[in-house]
Structures are given as C-alpha cells and as structure tokens.
Amino acid sequence: MNFINGVTIAIVLFGIGLLGLILRRDLVIKLLSLGLVNGSVILCLVSLNARPDGVPPIVRGPGGAPYVDPLPQALVLSAIVINFAILALALVFVMLLVERYHTTDSQRIEHEIEEEEGP
Amino acid sequence: MIARTTLLMFLPLIAVFALTRKRRLAAVIGMGMFSLILSAVYLLLHAPDVAITEAAIGAALVTFIYILAIRKTGRLMVVGDEVPGLLKREGDRITGLEQEILASFSKHLGLDLVVHLRPRHEVEVALLRGEADIGAGGIVCTDEDERFLATPGHLPTGLFHLAREGTTGLRPEEEDERVYFSDVLEAIRSKGRGSCTLDLARFIAASRLDLSGYAVERLAGSFSYVFLLTRDREDLHQRLSAHLDRLRQNGELDEMIRRYFA
Amino acid sequence: MRRTSFSMVVVTALLVACFCGVLMATFGYRGAGEGGAPYIARGAVETGAANLVSAIYLNYRLYDTLLEILVFSVAVLGVRFYLAEQKGSEEEVARIPESQVIRTSADLLFPPIFLLGIYLVLFGHLSPGGGFSGGTVAGTGLLLCAVALGADVVARRFHEAALERLEWGVLLVILLFALSPIALWRLPLTDLFPRGNLGSLASGGSILIYNALIGLKVFIGTWVVVYSFIRHRGEI
Amino acid sequence: MIIVLLPLGHFLLAALCLAWQSGTRVLTLLSLLVDASLVGLLFSAFSQGETLAIVLGGWGRDVGIELADDRFSLVFCILALLLGGSVVAYLWKERLRPYFYMLLHLLLGSVFALLFARDLFNIYVIMELLTLTSFLLVGYERKPYQIWAGLKYLLLASLGMGMYLLGVAIIYYHTGTLNLSILTTQLIGQQNASWLLIASSLLVSGIAIKAGIFIFSLWLPAAHASATPAVSALLSGMVIKMGVVVLLRLAPVFPLSLPLEVLSAVTGLLGIIYAIYTYDLKRMLAFHTLSQIGYLILGIGIGSELEIAGSLEYAVGHGLFKGLLFLAAGAAVQATGKEDIPGLIAKRSQIPVATRVGLLIGTMGIMGLPPLAGFCGKTLLSNGTDSPVIQAILVLLSIGTVISFAKLLPLFRLERGPSSPWPKTVAYVILGLPMVLFLPLTRLFLPIEQWRESFGTIPFLESLLMVGVGLLLYRFLPKRLANLPQRIFRLEEAILVILSGFFLIYLLSVLG
C-alpha cells in the first residue's frame, strides 16, 4: 500500500500525459494531455508534505496542531491559474488553425504548412 | 487513508481511458471527471484551497471551454434539402450518394460529418451566415453567383419543367420558392395548378405519381449536381474538388453512383 | 496521410518508461515530510490570516500572485484579440432553444452559486477559498445564466469594450495598491493595515482587499473568455 | 525600491496603454527614458559597491521572495533597454495597435522581473509570463504558419515548465526552501545526492527549452523565422537570453558544469551546421541564435570569473548584433519581397543603403571582426580556458560562423540604393553604435589590468586569421549537403528529442 502515494501516481500521470502528447495526433487531445502533465506536477507538489495525520493549514486557535505544509498549496494555486491561461490561449490557436486547415490532425497541419512554406 | 489510496489508483485509469477515446467530446468529459476526482484527492490531502480552485477551474471552467471549442472545431457542417437518392433521411440515419461522398471527404479531413436537412431556399442563407460549410441536396448550378463557389459536378442530371394551367398550387416559379420538396409532391398528388422546375432525381420521384395533366418539358443543355460553398471558403472548395477528382479517378465515385442509381 | 509508425510508438514508450522509472528511483520520497515550519509557527500571528495558504498567497509571496494575475490577464487579452475579430456578427450571437427546464434550473441555481462565489472571496483569509476561486465560481454562475437566457441577453448588460477597460482598470488598482506603501517610505507590497482579531472578517490586513479586487478581476476575466468562446461559436 | 519599480512600472504601463490608446507610442518612449535613468541610478550604486537585496514585504528570507541585483542583471537591463528602444524606433512609423505596446511593456516588465529574481518558484511564474507574452507576439499577424509556430512554442515551453516545476518540487521536498542563496548554503556537501542530480537535470531541461539550446529548443527556428522582424529581434536578442540568465543563476548552486559544457558544444556545432546549409535569411539567423547560445553557456558551464565575464559580454554583443541583423533583414525582405539569400542578392539594389550598412555591421560583429562586439566576448572566452578541447570548440564555432555568414557578403557591394525612413535608421544606430564602441565600453565591466591583458595584438591577429580561414573554407565547401534531418522540428519528434536530451543531461551530471 505504501507504494501508492501521491508522488508515484503523479509520476505515472506525467508519463501518461507525455505518451498522449506524443502519440495522439488530434490537437485537442494533445492539449488535454498537456493539461494532464501539468496537473500531475501539481498533484506531486500537493502530496509532498501532506501528512496522513495532518490537518488543513487553517489556524483554529493557539496551540500547535499538525498542520500540513501550506507553502506548496499556495504555489499550486498560481500554477493552476497559469495552466488555465496557457490552455485557453492554446485552444484559441487550435481553433484558428482548424478554421484554416479543416483538420485537427497535427501532422497533417504541419505537412500543409511545410508545403505552403516550401522546403 | 483507504479512500485516498483508492481515489489515487483511479486517477491513472481514468486518464488512460480519457486519452484513448476516439471522440474528442468523450475525451474532454473524461478529463473533466478526472479533474473532479483530483479535487476530491486534494481534499483528502488536506488542501481545501487547492481542491476548491481545481474544482472551479479544472473541472468546470476548463471543461466548458473545451466543449465550446470542440463544437466549433471538429465538425464539417452540411446543409441540404432532402432528395431521394442523394440525401435522404432513413429512420435516424441519412443516406444517399451525396452523403456518402461527403462522409468520405470528412473522414479524409478527420472531421465529424454533421448534416442538417433544411428546405432548398435556406441552404444559401445558412452558408452565408457561416452556419454551415457546404451546401448539398441536389443543387444544380445554373448561373454564376458571385457569393458562391460550386464544385465540379459529381453526377450529370437534367432539368424538367412541369406545368399545369393556372397559378396556384405547385411552386410558382420565380416568385417564391419557400417550400420543401415534399410540399411539391403533395401538390402534384392533389393535382395543384402552377409550374415548377425539377432536377432529375426529384423528377424521378415525382414521376412515380400520376403526372397526367401536366405538361412536361425537358430543358435544353447539360446540367450536373454540385456542392455549394461560399466564396471565402476557397481552400475548402479546392480540397473538396480535389477529393472528388480522386474519387472519380479511382472509380469509387462510379461505384457509389451504381449503388444508388443502378 | 501516413499513420504513426510502429517504431515511433516503441521509441516513445521506451523513453517515457525510462523517464518515469528514473524519476521514481531517484526522487527519494520517503513519506510525507513536515515542511513549512516558519509559516505554521508565525504565519497567523504575523499576517492575521487564519488561512495560512491565503497568508502566503497574498502576503508573504504576494509578488508571485501579482505576476500570476498578469498571466491570467494576458490570457484574457489574447483570447479577446484572436477571437473578437473573427466572423460572427452581432445578429447571430448565441441563440439557444428556450427550454423551460434549463431556464428554471438556472434561475434556481444562479443566486446560490453567485453567493458562494462572494462568500469564497470575502472569507478567503479565514476559511478555504480566495479571490481566484471565488471569482471563477461567480463567473461560472454567470455562465449558467448565459446558458439559460442566451449569451446576448447577458452580454447586453455589459458594454464589451468597457468591460475590457474595467478589467485592466482593476489590474491597475491592484498594482497601485501593491506599490502604495512606497508613499509611506516602506517597501512595496508591505501590508499597512492592522492585523485585527484572529478569526474576524477584518483580521487579515490587506488580504481582504486583495481578495476582493482579484475576485472582481477574475470574475470579469472569466466572463470575457467564455463569452469570446461562445460568440465565436455562434450558439451554445 | 528601484528593482521592484522597474518590472511593476512596466506592468502598470501595460494596463495604462488601454486607457490612453493614442499616446501609447510616446508613453513607451518616455518609459524607456525613465527606465534608463533608473538603471543608471542602480549602476552608480553598484559601482560604489552597494548591491541591493531586498525581501518583498519586509519579511525574512526564509518566508518571503528575495530580489537582488548584480553585475549580470544590470548589464542585461542595459541590453533590454537598447533593444526596446531600437524596436520602438523601428516601428515608429507603423500603425500598431495599443495591444502590441501592451505586450511590449509586459515583455520588458517580465524581463526586468526575471533579472532580479532569486527564487525558484518566482522564476517559474516569470518564465510563464514571458512565454505567454512572446507567444502572443509571435502570432501577432495571425498568419497560419505564425500561429502554428506559436502553438508549437507554447506546447513545448509549457511541457518544459512542467519539468521545471517537477524539479522544484523535488528540491523543495528535500531542502524545504526555494530561495537560491539559502539553497546554496544548504546544498554544501550534498552535491552528489541522487535526488539533486535528477532535480537539477529537470530544471535545466525545462529551462533549456526556453534558452535556445539546440536539442531542446526545436521550436525556435520556426518561431523566430516567422515572426515580424521587430518581434524576432526581441525574441532572439532578449527573451532567449532570459533562459540563459536562469541557467546562470542555477549554475553556481547545482552540479551543472559538465552538462552545460557538453550542451554548449552540441548546440554550437549543430546550430552552425544547420545555419551553413540554410539559405532562407531569417531562418539562418534563427539557427545562428541556437549556435551562438553555445558560447554563452560554455562560459557559464566553466564558471570561472573571466569565463562568465566573457559569456556576459558575448550575451550583450549577441543581443545587439542579432537584434540589428533581424531588424535589417526584415527591412531587406520587405524592400525586395524575397526571403532567400540568392533572391536578395539578385535584387540587392532595391535594399536601402542604411539597411545594407546595418546588415554589414551586424555581420562583421557576429563574425568576430575586431574591435566589434563579437570579438570582445570571443576573446575573453578563449583567454579564460586552457583546456584544448574547449579551445577547439571555440575555434570551430568561430570559423563556422564566418562560413555561414560568408553567403551574405555579395549583398554588400557598393551600390546606390533607395534611402531608408529615418526611424529605421535610428533603430540601426541605437544597436550599431554600442557595437562599434564595444571595446572601450567593456572597460566598465573589467578591471583595467585584465582588460589590457585580454585585448593585446595577438587576439586581434587570431580573430582576423579566423575570419580569413572561414572565408577561404566557404569557397571550397560544397554548397549543398545531403538533407539535414528536418523532421526533428516537428512537434512529436521534438518532444522525443527533448526527452533524450533530458537523459543526456542526467547522464552527464551523474558522470560529472
């Protein structure tokens, strides 16, 4: 049971995301995979110092309860928003490309652009 | 602790499931589910702030934006009138020669084909509004319209003029074409008066009814069925024309025609 | 068009497997640690915010947060720039079937969701939540409204260009507010407000103000992004 | 105080651009002047031995975000100001939307922010801001190939930042801090811990994607070649350097010496080979950016005082002449309508004289002709090392650079041409003048004895010899080579190459 913790799962998810990013040719699914890659890093950060006996880092009164580390959580909030920003912009660019080339297949788009550009 | 482990084990499974979907929408919804479970995991990892943010942004907003984008991107929208043999509803499917051509074209592009059946006069409007990419359904291009581009014809046809004395009933020619083809058939069945011009496929369907009492005249000239696109979709027009050429050269087009008009 | 070749699949799988393997072998993870001691020990006293995450997010590491808001603003700017000038004129904006069910459920759901958003914003320093999640939740509520009433009905309430200016105006206010301590010869981004009693609404110093401003900004930004997507699409 | 005002002030201006749309151009110019005086203040404080280091909000280093200035940040500030000024001048006559100036301010602001950053996560956020802004700038004209190049850039950069953040997570787990100066003290004696090696490889691979290192930044040729000239100049001259700055910050803390040296050789030589056999002007310049990054990270990898000074000088020099080359190349392409070098040569009489002079100065600078900017950096770099391997790499790089730019020489025949609009000429002067005066200017950075020692007659002759050899070799080299692989620049393959590059770095840091 010890093997299944947030960090290992995060690394596995990172790998799955990479596979999707490379092997799926549909641009929308590539973006989803990228989201998975970045999401896995967030999971990794959050679970680094999440003690099983911990309590959420919200101080209820004086005295030292076993609060979990608040710093990664604060960092992660920024990271989530940044991922959203990247996703929205990438999606807009995908939409523009699809309107031009009528396909979401990344290799086909790349091929068409190389043809237009010449060697 | 057990809940945490179980949910964590679920995550890779859902991710693999979502990313191996063929349909984009399924993948997006799968990843939405993934985000929801992820936010539950965050809650169990004592990170309520992260859980709320992940649920609000990752699960709700991102999924919504994906859906909005997909519905625009992954589709080839076709509008057309219902014509026997070319584009016809059978149960909940649409069959016919033009449907088959467009299906092979959209497969070639990697898009989902969506066909909307609309009366003939609405086809152009829909194209101009950008609601559809291609107009189909027995379109015979008789004159050049500078707003539209037509593909080279994929099936030769003829035009027939049907007339019965009087001015009511049948589709009055120039004035107003706002009727479905089924309305024309209905008018013929009830021996309505007036005149209309029908293409070959529609004429064959009409001639199964009793045409006695109508003057039938075949118009001179050679005509063929085309697909219609707006002028600003020149690139799509080129692709469709090239695809038609390819179908014609490798004999697939003849094969399709034989299947529907043996 | 050629398919993804088999050798490519094999190479990819090998590389990714090696990557994961190396990472797992060398990560050195030995169960959850006990980091963040300085924040846990002093955070609540020094900043007056019971929610330590908010204390870090909006006080200790406020600079990161400002930059992150800029990232969000850039994204909104980009989305608007690229989608606004695509075709899709005013008349064909967002018509939807007027389903009674959707309408009623949206009418029912909108007020509580909106209130939840405001709660998250205002109590972000005391309980989980904060400007960003609150703003997004409220924005999603508005989205629901747009689904029910038609996006153009909602959009008509806001003048679009004004909305964009308002968004950047709020950003301006946030930045000015962050720089304002300079006027008193203090370091920028220093908290000038009294701490207050731990647990009361006025306890977190300027965190409440930042939360409110960020919430407003994110609310507008979310709506602008979603509306750009909706309009580009033509209908929901 | 100033080091907070510089970035935040530009962000404020970006927000203001929307409110005062008609005046954005003037506002930008004024802001650059104000920046110049602020940087001057910092510089005078620095030359009296005061280094500024503040923790924002007045907190302790262990909890807050530290900002600090040093020689590097100040020098790069000056570079950023020069490039910003010349780009504003270059675009003075063109009607641009306020949107463009907003992005410009955001770019400048994030560059300043990065130069003073001393915190791993802070660097992450700033790099993302930089990515998004430059991504939007690449796609500014909305041509399909620009959009695709931008999208590729965004995907790869975002993947890289994911790897970087993973590295940050590992470091935070083991040390509990994100501040680089605290990290330095904490890591003493742990330089061989396996987690440290993997974390540093993750950090470096993530940053390398943005820093223009050949096997990582495979998006770069497409993006830099397809953007508008002004944007290309900013990206090649400034944004790429920001990745190098981060590597510079990481190098003293982590065991990176061997990986960076090998990477510099790889990127330098591969970039040169591609540049020699590329005949599209802007694409060749983009490949050149990849190869010249080799010089910069070589100095950082060795890490001695003199080498780092050499890197720094070469970074500034490269920023200047690459910016100048991209601006002039853009103007030349615009004037002739040709993008390939033979086409340009055929129509060279249509290229304005000022543009040709700009191209010439840039070419001389990049070839390392004394006493221009390229010469100073190259000389310092080769003076600083005794290792024959590194000397050989440096010589190969210099000769390769000369060979690849020898293609351009027919452009510079003396001919009359149309005159260039004055703003563009001003832009060339802003970048060209410091290049010509670079040798005296380097005395600001170096102690006087070292300066005398470094620039004697022998380096002069050496670099002249190098140029001669390069030109001679150009005559005899085959003009076309069997196809260089172009597939690695595709999205999928690029990710695979990046992964292999990661393993390379990891292996090297284990060996090192």
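By letter and in written order, the chains are A, B, C and D; residue numbering begins at 1 in each of them.
We adopt the following convention: a residue touches a chain if its C-beta (ideal position, glycine included) is under 8 Å from a C-beta of that chain, and two chains touch if they have at least 3 such contacts.
These numbers were taken from a predicted model, which means no experiment stands behind them.
Chemist: Which one chain sits nearest the middle, judging by mean Cα positions?
Modeler: A
Chemist: Centre to centre, by mean C-alpha position, how many angstrom separate subunit A and subunit B?
Modeler: Spacing between the chain centres: roughly 35 Å.
Chemist: Measure off the straight-line distance from the CA centroid of subunit C to the CA centroid of subunit D, and report it in whole Å.
Modeler: That gives a centre separation of 32 Å.
Chemist: What is the distance, in whole Å, between the centres of subunit B and subunit C, each centre taken as the mean of its C-alpha atoms?
Modeler: The computed centroid separation for subunit B versus subunit C comes out at 38 Å.
Chemist: If you average the Cα atoms of subunit A and of subunit C to get two centres, how far apart are those centres in Å?
Modeler: Distance between chain centres: 16 Å.
Chemist: Mind pulling the residue numbers of subunit A that touch at least two other chains?
Modeler: 5, 12, 14, 18-19, 22-23, 25, 47-52, 54, 56-58, 68, 71-75, 77-78, 81-82, 84-86, 88-89, 92-96, 99-101, 105, 107-108
Chemist: By residue number and range, which residues of subunit D touch two or more other chains?
Modeler: As it turns out, subunit D has residues touching two or more other chains at 121, 125, 128, 132, 135-136, 139, 142, 166, 172-173, 492, 496, 499.
Chemist: Give the residues of subunit B touching no fewer than two other chains, as numbers and ranges.
Modeler: 47-49, 53, 57, 61, 65, 69, 72
Chemist: Can you work out from the touch definition every pair of chains that touches here?
Modeler: Applying the touch rule to all chain pairs gives A-B, A-C, A-D, B-C, C-D.
Chemist: Which positions of subunit D touch subunit C when the two form their complex?
Modeler: Per the stated touch rule, the residues are 1, 4-5, 8, 11-12, 15-16, 18-19, 54, 56-60, 62-65, 99, 102-103, 106, 110, 113, 121-122, 125-126, 128-129, 132-133, 135-136, 139, 142, 166, 170, 172-174, 176, 193-195, 197-198, 492, 496, 499-500, 502-503, 506.
Chemist: Can you name the residues of subunit A that touch subunit C in the complex?
Modeler: 2, 5, 7-8, 11-12, 14-15, 18-19, 22-23, 25, 47-52, 54, 56-60, 64, 67-75, 77-78, 81-82, 84-86, 88-89, 92-93, 95-96, 99, 105, 107-108, 111
Chemist: Show which residues of subunit A lie in contact with subunit D when the two form their complex.
Modeler: 14, 18, 21-23, 25, 30-31, 34, 37-38, 41, 44-45, 48-49, 71-72, 75, 78-79, 82-83, 85-86, 89-90, 93-94, 96-97, 100-101, 106-107, 109-110, 113, 116-117, 119
Chemist: Within the complex, which stretch of subunit A touches subunit B?
Modeler: 1, 4-6, 9, 12-13, 16-17, 19-20, 24, 26, 28-29, 32-33, 35-36, 39, 42-43, 46-47, 50-52, 54-58, 68, 73-74, 76-77, 80-81, 84, 87-88, 91-92, 94-95, 98-105, 108
Chemist: Quick one: in the complex, what on subunit B touches subunit A?
Modeler: 1, 5, 8-9, 11-12, 15-16, 18-19, 21, 24, 27-28, 31, 34-35, 38, 41-42, 45-50, 53-54, 57-58, 61-62, 65-66, 69-70, 72-74, 76, 109-111, 235-236, 239
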